[in-house]
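In this document, chain identifiers A, B, C, D, E and F correspond to the written order of the chains, with residue numbering beginning at 1 in each.
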């Protein structure tokens, strides 16, 4: 993958530019990340993914930081290098301190460990959890 | 796996009982979950897992609810039936509302989707994320 | 999935029967597991899978028990209910004691935990490991 | 991730140094791996992870080599670059030959293949495995 | 999870009913699957997921059957019981024969095996694939 | 991993050369990929993997392109860098257009998202899918 696969604003068509503009406006950033510049090869994928992400990651019953922490937890468990890098950065921007980062990693690690212990021991689900 | 594999308090040795007592005391519950009753077959595993979990899941820089949401996110991504059931219940106990549950699932789903898009498109990590 | 999807010896064609006979002979068992009775719907898949499995799981530089422990470790990490059940049974048959089972689960759990810690902390690989 | 994230002994506090000393003593090595130098940012994570790892990976009912093989199997299945590199090295140090390495990879590959076949065919668990 | 968590048409609000109507119309079915009846607890999730799915799964450069086969491959690799069941059924409806099913499982199994071999052997990417 | 681990034709024994010759003949290529040059360290693994792959990926009830798309879907979901690179290239060679690539990624992303939604919501399998 070289930079030729990244669609920069100046080379983008109007449909792609409209998404880039909305991302820049929503996030108050000067340029969009490589993720969007790759998806832009298929405007359908770009538009749909941005619309969903914008909607889902907006603060609601869960605040922005909590959502970013969840995003990092999934990305680490899936081992997605790009998303770990970008969402760790987003989480810090949303207020994640070094101490929170340490606790986040501890919970992710612990959950992965007990997931496997529960699976390996074939623990039957408690009746109380079935309701 | 039948109930014969679950070690109940009355059949447990003193080492196992000490852990059960600490779990019941810490969580203010009348009985421990099946997870612990299975691990009890190997007191080393029981003690070490409980000590780690107790320490990690205690409120710190992240509150108890946030930690449970992260736990659910990992468990769903790993597809661990037992941990999804038990930690969804724990999250509700820690204050997760129906609305929070819906947003949690949306973020988990979205993160899993974009993890694969970033991977499939082989998006190069932005220089800004490498620092 | 009901039992109608399982191809029993009496309903199998000669190609499938030859594989069943070889499995029974090799493993010294009276009947083959459901896994083979499902694959039998596609004799190509049945033959190829059995030939590979028979070859790979035979004692070599690694003994049969070690191979079964590795099999369980992969199956737990992939969360495959069927393979956890069948290969835990095979491991016991090959000599896995209760104590070994407990240590196996502990190593699986620990490896899953540190895999995520290494990934989440984005630990750079040591030069010593790159050679 | 640059080397500024790695906490070297000379910059470590006494709590971190105590863990580093124990790792070097236990493993008879001159320096600790990058994994520990990253975790050191959060002494709780460093201490707890090392204590668990030290305990779990010590020879018991399973010998050191077998435990490392299991560790590699999990790490490959989780696709953890760092842990594959470090534990493949540890396995070699514990006596893994080239031939064992080849058989290890074959079993890991086979288990991953049959995990998916069992899942995709939705093979019902044999009654014999449920006891 | 009991049926009380499934929102039937007669108990649904107008926003949910509109989605149900569109699903039934698009797929020419008398009722929607449990997946939608669960998501309906959060109309945002229901609407967004259906809109994306409807758009993505419509025949385009790839036909409907090919898309279903890809869906099954992902679901098997993720070990998602529900999606394996529902998309295997959709694939059959879209024309998947028994023979195709057998080949699909073979490719899924083989890909999972070679994914791990490439990872475990740490095969360096060929220059030809980097362009 | 350096190039010293790659076994070139001129350094290969006759058993390895026979496989290389068959790969080159079957695929009409001048040289084999790094994957095979790594596996060649263990001729058993090389022969068995190539025999299975050759058989499974040959056009049958599913054509070559469809099989490559399925291969990419599994590789992306498993996050296997090498296989994503090599099989995306194979898919293009078999006729995958840019538009098909975009739809492939969309389906992979969507399937990963709904897999987690089905799992997180613990959607009960419809009776219609159990037959």
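Assume a contact is a pair of C-beta atoms (placed from the backbone, for glycine too) under 8 Å apart; a residue touches a chain by one contact, two chains touch by 3 or more.
Protein identities per chain, from UniProt: A, B, C, D, E, F = Alkyl hydroperoxide reductase AhpD.
Computed from a predicted structure; not experimentally measured.
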Least step count from chain D to chain E, where 1 means the two chains touch: 1
Contacts common to chain A and chain E (chain labels): B, C, D, F
Taking each chain's C-alpha mean as its centre, the one farthest from chain B: F
Centroid-based (C-alpha) most distant chain relative to chain A: C
Shared interface numbering between chain D and chain B [over half = same, under half = different]: same
Approximate Å spacing (C-alpha centroids) for the pair chain C, chain D: 21
Chain A and chain F: spacing of chain centres that average the CA atoms, whole Å: 27
Where chain B and chain F are represented by their mean Cα positions, the distance between them in whole Å: 34
Residues of chain A touching at least two other chains: 1, 41, 44-45, 48-49, 52, 56, 77-80, 85, 99, 102, 104-106, 108-110, 112-117, 119, 121-122, 130
Chain contact topology (line, ring, star, complete or other): complete
Partner chain F, residues of chain A touching it in the complex: 41-42, 44-45, 48-49, 78-80
Chain D - residues contacting chain B, complex: 1-2, 44, 48, 52, 55-56, 130-131
Interface residues, chain D side, partner chain E - complex: 72, 76-77, 79, 84-85, 104-105, 108-110, 112-117, 119-122
Chain A contact footprint on chain B (complex, rising order): 1, 3, 6, 33-35, 38-39, 41, 45, 49, 52-53, 56-57, 60-62, 66-67, 69-71, 73-75, 77-78, 80-83, 85-89, 97, 99-100, 102-104, 106-108, 110-119, 121-126, 128-130
Chain B residues within the chain E interface of the complex: 79, 98-99, 101-102, 105-106, 109
